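First chain A sits with chain B, and in the next complex the same chain sits with chain C.
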Partner chain A sequence: MRGVFTFIVRRVVAAFGTLLLSSVMVFLAVQALPGDVATQVLGKDATPDAVAALRKQMGLDQPAWERYFDWIKGALHGDFGTSLVTTKPVGGEVAQYLGNSALIAVVTVLFAVTGSLVLGVLAGLYRDRWPDHVISTVSLVGMSIPEFVVATLLVLAFSVTVPVLPAVVLYGPGAGTGQLLPAVWLPAASLAIVMAAYIVRMARTSVIDVMASEYVTTARLKGLSTWRVVTRHALPGALLPTLHVIALNVAWLVGGVAVVENVFNYPGIGKLLLTSVQNRDLPVIQAIALISAVVYVICNLAADLGSMALNPKLRTRGGSVR
Partner chain B sequence: MSETSLRTDPGVSGIPRRSVLAAAAAGGGALAGSALLTGCSGAASASPAEAVPSRGPAGRPDRGGTLRIARPPASDAETLDPASALSAYEYLGALYNRLVRVGEDGKVAPDLAESWEPDDAARTWTFRLRRGVTFHDGSAFTSADAAYTLRHILATATASPQGPVLAPLVDPKRLRTPDPHTLVIPLKSPHAEFPSLLTHYNCYVVPDGSAKSIGRTGIGTGPFKLASFASAGPGRVVAYGDHWAGRPVLDAIDFFSVADMQARANALLAGQVDLLSQTNLDFATARVIAASSRATIARSKNAQWYVLPMLTTEKPFTDVRVRQAMKLAYDPEHIRKVALQGAGTLGWDNPVPPSDPTHIAAHPAHDPEQARHLLKRAGHERLAVDLYTSSYDPIFTPMALAYQESAARAGIRVRVKTAAADSYYTQIWMKKPLMATYWYTGRPVDQLLNQVFRSGSSYNETAWSDKEFDALLDRARRETGEGRRRELYGQAQTLIVDRGGAITPMFADRLTGISRKVRGYAEHGFEFDYLGIGLKGA
Partner chain C sequence: MSVLKTPAEAPVPAPPPARSGAPGSAARVWRTVRTSRPAAIGLAIVAVHIVIALLAPLLTPYHPTTGDAAHALLGPSADHWAGTDQYGRDVLTRVLYGGRYALGVSVTATLLTLALGTVLGCAAALRGGWLDDLLMRVLDAVLSIPAILVLLVIVTALGTGSGVIVLAIGVICVPQVVRVVRGAALAVVPQDYVTAARARGEGTWAILRREVLPNITDVVCVEFAMRASWVVLLISSLSFLGFGADPPTPDWGLMVSENRTAITVVPMASLAPIIALATLVVGLNLAADGLSKAWGVDRIREGS
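Here is the complex of A and B:
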């Protein structure tokens, strides 16, 4: 039991370390953007007085490390500063967009994970027979096509040819869930298709590995039904490596939405990120980058802890080894 | 860049390129997307210029209906204050009127002012204002509102892009309103073309004392009144029954902001919107739209001019012979064929559009031999230059490559370099000695020449400084005889062609995506006919 505890503590500490490091890197990266930030915001014809005033207002006259600690201190309290463009608090703005993105993310993950696990297991069980060929080919194609192309094809099919779903979202960030819901399906489908491909491949491989393992052979020799062998013995073993892929893919979603949301004009975090980069709205960029890092770290942490829960070997590591 | 971030910068404001965000957002994904759509539509066989129709659907609209317009947001902080650099451009023409506007013939035409005249020296201008005009809140429009509008534009707190243009001429304290229908504007120096400066889209008239609220209320005298508005979000305007020029054809207009150009095109194809504002579609997307059953393409003739500005302060372009050689060396017909697929008007290095009354057509002919000769005399026999371009606009790179090819025949080696689109106007424009860019046409000639070519102007992208040229502009402003003035503006154009730093190969049509239901779409320069536009079968 002590082993489990140390393992968890070690992972959580590592996660915090990663976060701290990424916060430093985010901060430095934004500092390193070409040109003085104040000049960037005011434009090249700004008077030196205006630039000096803005630098002071933005706190740019303070040393970098002091600004970093101010930023982190604020961020821990949910205060990410004010947007240079809208002059509203960044935290509230980002939260609103993040909520909209979460809607896509939840739908995507539900579809991608359940769908691809089923398909992956099927492909693994019917290895080298036609269901496997069909599933593998389709998922390989899905894996090779970038998400914006998938998105465009989906728009062509479901908005232009057979107009059942909206091609773009015409509402702003303040739109309600009811307004956004019809617009969620196409972006979620584009992301799910690309994401599913990886999970299908991984689930298939693990199922094949597990089905060839000795303990499955033993279970079969004991005379258990195929259904029982698959659900009780093969699946938990096969899920383990797949879990990591799922976690990484959920983390990838954070980047994937940036592209897909812009194709669909969906008022989510990805669209906000793109606009902010174009506007050089630095506090917003910093906040989104940091939040993305948090999502990444949490996903990985969850994957690690999850695999520990599923894998007795990891669970007992550090304990008595026979 | 400009509209979105340079809030207090009068230099790079909205005037030249309104749809900054939009174009920058149309990155690689959008282009690939449009190419893909083209492939799927199977309409790739005909020559693109032919496949794209030359005008929108003809006929009269039915009364009523709601038009849905997709527009690129100016900024997340956009406002309905017409004077602001962050104004939501599409709303302005629907909600407000100016004193004067630009007619289709390029001349100043009446709007809220019925007539205007200068004194003998063009030092004082008197505007007679329309009677019986009411704002959307019911109050009457008077000269006090007109005077206030000018003071609002000139106030430093407004930071209006048109402020620096008017400030050298107008003293806000000396404006006079002898009666409710007369506005007298004494100028600091004579200006015979002064009314043309009030046609700018920052000059829409707002009610007296409305500076604090106008950005949200949008109270004007225009054909539509505001129902709702959200910065970079959706908004709606409804017909104003008491509009002085009569009720508009439509019942309402819904505005939706869609930053990505491809997303805007998709919305049109899917029938979610009826018109794409401020969107110059690339040829591939335009063909797809023209081939669809829901939408088609309307053209705004010569809506933008393309230019390769040479920085006259950077070597080798400091030498006027090199600039002349760079202009003589290329064949504009070749560039038009490659970059515009033949559809457009040759510029011959004159940025004043052919529709302008002062436009001069005379120009030196394409002469690569003379170009070689000039370069030899200037000691640049094997001239090699870098030409910057980006994916910011679909025409830039084809134009740069066509120039490269054409100039090679005169022995000039051009290296085409691609820069990032999102920082193109902060890192490349007015920084690199040679690059590709464009402007929207629609500026009156006095404003165009003074803003883009006069010494020291913040828009002077060639950093050209020519005393004779500046003096010509000053003389033209003082000249009250119309024919003589036209001649002076003509001479100024000749100087630009002969000595200036701007290589201006062509004027291009803007390809606007509209639904096949739209009737009466009319747009030229910065003028959009909100009164007459409507829908068939609304």
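Here is the complex of A and C:
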């Protein structure tokens, strides 16, 4: 039992270490962007006095490491500074957009994970027969086309040819869930298709591995029905390696929404990211980068702990992973 | 029962102890291509794309960036097989030339990434200890930030030149290559011939070049095809968002974003670059799949 505890503690500490390191990187990268922020806010014609005053007000005259600690301290309390463009607190703004993106993310993950597990298991069970060929080919194509292409094709199919879903969102970030809901399906479908392709491949491989294992053979020899062998013996084992691919893909979503939301003009975190990059709104970029790092680290941690819970071997040998 | 491992410690089948030299490996690729259908199809598609990109000026009578405003937004016809865009430029010509940017930038970026990643990955596996730990921690931190975000920040800072994009791709992809190569090299390092080389007093660099590298060529080749497909997708997404190729450069991602608004009028203007992009990436993925299956490189397990 102690082994499990040490393992969990070590994983959590490592996760915090990674997060700390990425926060430093985010800060340094964004600070390294050329151009003085104060000059940028005031415009090129500003007097040197005004620029100096603003720099002092924004704390830019402090050394970098002091600014980093201020930023982290604020971030821990949900205070990410004020936007250079809207002059509103970044935290609230990002939270609003993030909520809208979460709507897409939940729908995407739900559909992509269930759909791809079913397809992956089917392909694995019917290895080298026609269902496998069809599913494998489709998933190869799915992972070979970028999100914006899937999105464009879906618009062509469901907004132009058969106009049932909106191609562009006309609401701002403050729109209610009810208003945004019709606009969620196409972006979510675009992301789900790309995401599912990877999970299908992983699930297929692990099902094939597990079906060839001795304990599945034993279960078969005991005379259990195929359904029972698959659901009770094969699936739990096959899910284990797939868990990490799912975690990686959920983390990938943060980047994926950036592209897809811009195709549909959906008021989410990706749209906010692109506008902030265009306007060089540094505090917003920093906040989004930090939040996505947190999502990535949490997803990986969850996958590691989840696979430990599923795999008795890892539970008893505690520290053997990493 | 497959035991779960983190991607960095992915099980790589122990490479055959026989060293494959340069001429041998070329022959081996050829043998693989003849026996593995997916690899052959994939490499053929990529080859066709390369030839088209190189011969683009010979294949079309039109210029990729100058248009004829009188012939804007035409459908497919005998003169313009894929129609024209809103500036009257021939779509097919732009698609043919578009491969130059996509292939040029992607191949350069992938080669650079792979070279750096291979050296770092092997060094981490050979040296181990604190260097390994530190490197893996830093790479984990880089991986935790979405690729597109890193790209956008770098491009905002340094401009959208192709040199900058190559560099940015390097920053994003090196961590993944290092993980894969390190995993493969870790399987080679405990082998007796490496120990023997160490006992002979050979330096890290010599061991890396003579003992480790020849034995992980398979993994590196597969990683090249797989990483290239990923880079092509990333660069086209960047162009689509308006941070990659500058207009009027003929680029597939850029073409889709330019012609998307006119998709009801001239669907071919968006579909043609999409088909070009998709076939190139399918080709690369097929090649990666076929080669890895033929060589026993467990690609999915390597965290790709």
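Note that the second predicted complex is superposed on the first by the 310 of 322 C-alpha atoms of A that agree within 3 Å, B and C clash if a C-alpha of one lies under 4 Å from a C-alpha of the other, contacts with A are read in each partner's own complex, and residues count from 1 in each chain.
In this section, a residue touches a chain if its C-beta (ideal position, glycine included) is under 8 Å from a C-beta of that chain, and two chains touch if they have at least 3 such contacts.
These figures come from a predicted structure and were not determined experimentally.
Aligning the two structures on chain A places chain B and chain C in a clash. Considering which of chain B and chain C touches more of chain A, the answer is C. Legend: residue contacts after superposition of the two complexes on their common chain; A:155 is shown touching both chain B and chain C. Touch criterion met: A:210 reaches chain C, while chain B stays clear of it. Using the contact criterion defined above for the overlaid structures, shared-chain residue A:163 touches chain B, although it does not reach chain C.
Judged by the touch definition given at the top, the superposed model places A:126 against neither chain B nor chain C. When both complexes are overlaid on chain A, the residue A:85 reaches chain B alone and has no touch with chain C. Of the two partner chains, chain B and chain C are each touched by A:259.
In the superposed pair of complexes, A:68 makes contact with neither chain B nor chain C. Contacts of A:277 after superposition: both chain B and chain C are touched. Stretch 254-262 is the one among 38-46, 182-190 or 254-262 where chain C clashes with chain B after the superposition on chain A. Where the contact sets of chain A with chain B and with chain C meet, they give residues 34, 146, 148-149, 152-153, 155-156, 160, 259, 262-263, 274, 277, 280.
Only residues 34-35, 40-46, 50, 83-87, 146, 148-149, 151-153, 155-156, 159-160, 163, 166-168, 170-174, 259, 262-265, 271, 274-275, 277-281 of chain A touch chain B when the two sit together in their complex.
Across the interface of their complex, chain C is touched by residues 17-19, 21-22, 25-26, 29-30, 32-34, 140-141, 143-149, 152-153, 155-156, 160, 201-202, 205-206, 209-210, 213, 215, 237, 240-241, 244, 248, 251-252, 254-255, 258-259, 262-263, 273-274, 277, 280, 285, 288-289, 292-293, 296-297, 304, 307, 311, 313-314, 321-322 of chain A.
Chain B contributes residues 1-2, 4-12, 21, 24-25, 29-30, 32-33, 36-37, 40, 70, 75-77, 230-234, 256-260, 262-264, 266-267, 269-273, 292, 422-423, 426-427, 430, 458 to its touches with chain A in the complex. Those residues of chain C that touch chain A in the shared complex are 1-9, 137-138, 140-150, 152-154, 156-157, 229, 233, 236-237, 240-241, 243, 253, 256-257, 260, 263-264, 267, 270, 274, 277-278, 281-282, 284-286, 289, 300-301, 303.
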